[in-house]
Amino acid sequence: MTELEAETGGSRVRELDRIAAFTDGVIAIAITLLVLAIDVPNVKLEPGDSLDDKLLDLGPDLFAYALSFAVIGRYWLLHHRFFATLERFDSMLITLNLLFLGWIVLIPFTSDLLGEFPGHAASVIAYAVVLTAVGVVNWMTVRHAIRHGLTGPSPVEPFHGDLVGLSFPAIFALSIPVALLSPRAASLTWLLVFFVHPIMRRRRRED
Amino acid sequence: MTELEAETGGSRVRELDRIAAFTDGVIAIAITLLVLAIDVPNVKLEPGDSLDDKLLDLGPDLFAYALSFAVIGRYWLLHHRFFATLERFDSMLITLNLLFLGWIVLIPFTSDLLGEFPGHAASVIAYAVVLTAVGVVNWMTVRHAIRHGLTGPSPVEPFHGDLVGLSFPAIFALSIPVALLSPRAASLTWLLVFFVHPIMRRRRRED
Amino acid sequence: MTELEAETGGSRVRELDRIAAFTDGVIAIAITLLVLAIDVPNVKLEPGDSLDDKLLDLGPDLFAYALSFAVIGRYWLLHHRFFATLERFDSMLITLNLLFLGWIVLIPFTSDLLGEFPGHAASVIAYAVVLTAVGVVNWMTVRHAIRHGLTGPSPVEPFHGDLVGLSFPAIFALSIPVALLSPRAASLTWLLVFFVHPIMRRRRRED
Amino acid sequence: MTELEAETGGSRVRELDRIAAFTDGVIAIAITLLVLAIDVPNVKLEPGDSLDDKLLDLGPDLFAYALSFAVIGRYWLLHHRFFATLERFDSMLITLNLLFLGWIVLIPFTSDLLGEFPGHAASVIAYAVVLTAVGVVNWMTVRHAIRHGLTGPSPVEPFHGDLVGLSFPAIFALSIPVALLSPRAASLTWLLVFFVHPIMRRRRRED
């Protein structure tokens, strides 16, 4: 199919737009479904009873929500900048993109799991595995596009197609062994993702 | 990144469209998920038994639905008019926009909470906090865009980038102390939002 | 705002497209959420036990699903043809459109209710009320657009802006008193909607 | 309506785009709702208790998720390539497309059922029936478009409008009698879908 794609120009742009729109759709739904993981307390209360304690129990749910929202939002940003540099696509790119979405869609589940069982190694590891996979597949997609010349001669940054781009999934991968010792410590290491991005951006600017 | 954005013209419009589409997607999903907060009565009934009482219990659910639908719908309108005036964007605008969405997505949760525990200060306050945050972040986004010249020399109204624009979140913020005294009174003050908008529009027309 | 809209041409088309896209998004989500109303049987089975009986109980769920899917799908079609004839919009049209969506989004709830309590007057009436409202608001939207000259001099059919256009909600409205006598008979009258559309189309062709 | 469609050119493309976007929206939501079928274990655990066993029980859920994601993703790809070849549409195409979506939206339900009751003939058959219907309706849509000249003189492959195109639903149809003997064997035959596609593509290249 690849030669065919190289030939036809105009309709390809429309198809690329449709792939981007589908991806955006899936990401938008996944990021919004995160809210379903925040559980409304399942209790019967008389008007006089206090709901405060029940809402304080939502701490882990809200932590999981904020982290997952930030992570999915960040991948949407990366994806959207990456697609802006694409000029063509091939079957492999679409397959990798679907695989990427397949892992993204799992985040609401692992986020729910994490909010429900915050102190357990199994839920922390499940979350870390999914986020590692999301990061690695995203990196493979970018790498594939660069290697096969699918991106145009754009002045835009190379969006983590290099080793630096693996720093994000590396944080989640490295948290897996940590979770075996201390699940809570492992989830705290994830907060590093909020610092990695600005550092990487600064580095690239200096190049 | 900002200089780069100023340079490239055409592809920026396409990117702005994609950001707008993503935002629309998240808002559309959030507004539709509101329906999941209206609980189908979880009872076993024989064909002869009456379902009427159970449906009458849905009053608070429907109040929360109607209010939340109107509020999200109103922010979608504002956002969509605001984006129509945008000519450029920077990283801060995207970050603020994601933050805005992060609060919007919480509305189905607080709406569910409100329908479930209508007479409790905690659920009323949770709802008011989220709506205050939505309004403030929206206001900050508009203000940022105007201050950094991201909007074009458009004849369109300035969409609440000024103090008047804070009147909407102010209603929700002021209802928080009220909720400590009377949760029901606090939720009634929210109905003011239906009057603020027409007043503001009339004022602007007179300018 | 109306004069302003009349002046600016190009960006208005883009805004109309965005309103159409948002509407499509909400309808697409509502139509897909219908599936959540089909309940996976909540039973513990040994591999030898039969699941068949439990699945046969899903009859009312599947009836509600098929009917609601057809009805929402039909309104999407109408809406999409109607919007193709629009050349301009005003605040009232957007408000009516949001109101229309507000009723559409309730369909997954009433559909769930109907599947859960198929033989009860209350659930049948709730379903009929929502579908009547959807039809009436849709009719009001079309009527408003035609009366205020928002549609172009298009050769396309007037999409039920006349009395004929009320036949669809009329079926649901008339089923409400029927439901008080026999809920099941009332739900059967709804099947008339599958015959009304082809008849109306034929009539219009003959004109 | 068909003659009318043949006459008007430009707005038809916009309408085709809107139908494609709506279809994409429904498919994107259906594929993302699959995650809701993966159940977070509903247990109360002390921080010391192990969650591992509960997560291992998710095997069938994850099998159903991966299979359904791959199948929906594959139909999205087919649909999107098919629509790229369309130049016109008629009422029948839209009706068939809605019917196709009606079956697609059922997949999250049957996927949930399959993950919940993996060894039962009834759930395996329900899954197979839905997937057979999806495939057959998709095939009918393509066949209708080709027969009525709705596709352009495009160099793109005919997307399974011929008998070969039925091989995919045939796999699911043939698994139905197998499920009566062994539900698990039937679900294993579904893995053939991962081999059919590459084979078909190779065959077509050789032609």
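Read from first to last, the chains carry the letters A, B, C and D; within each, the first residue is number 1.
Here is the rule we use: a contact is a pair of C-beta atoms (placed from the backbone, for glycine too) under 8 Å apart; a residue touches a chain by one contact, two chains touch by 3 or more.
These numbers were taken from a predicted model, which means no experiment stands behind them.
J.: Let me check something: if the centre of a chain is the mean of its CA atoms, which chain is farthest from chain D?
T.: B
J.: If more than half of the interface residue numbers appear on both sides, call it same; otherwise different. Which is it for chain A and chain B?
T.: different
J.: From the C-alpha centre of chain B to that of chain D, how far is it in Å?
T.: Those two chain centres are 35 Å apart.
J.: Can you work out the whole-Å distance between the CA centroids of chain C and chain D?
T.: Roughly 25 Å, centre to centre.
J.: Check each residue of chain D and list the ones that touch at least two other chains.
T.: In chain D, the residues touching two or more other chains are 21, 25, 29, 33, 36.
J.: Can you check the complex and tell me which residues of chain D touch chain A?
T.: Residues 20-21, 24-25, 27-29, 31-36, 38, 40-41, 45, 47, 50-52, 54-55, 65-66, 69-70, 73, 76-77, 80, 84, 155-156.
J.: Okay, in this complex, where on chain D does chain C touch?
T.: Going through chain D, the ones touching chain C are 1, 4, 8, 11, 14-15, 18-19, 21-22, 25-26, 29-30, 33, 36, 94, 98, 101-102, 105-106, 108-109, 112-113, 116-117, 119-123, 126.
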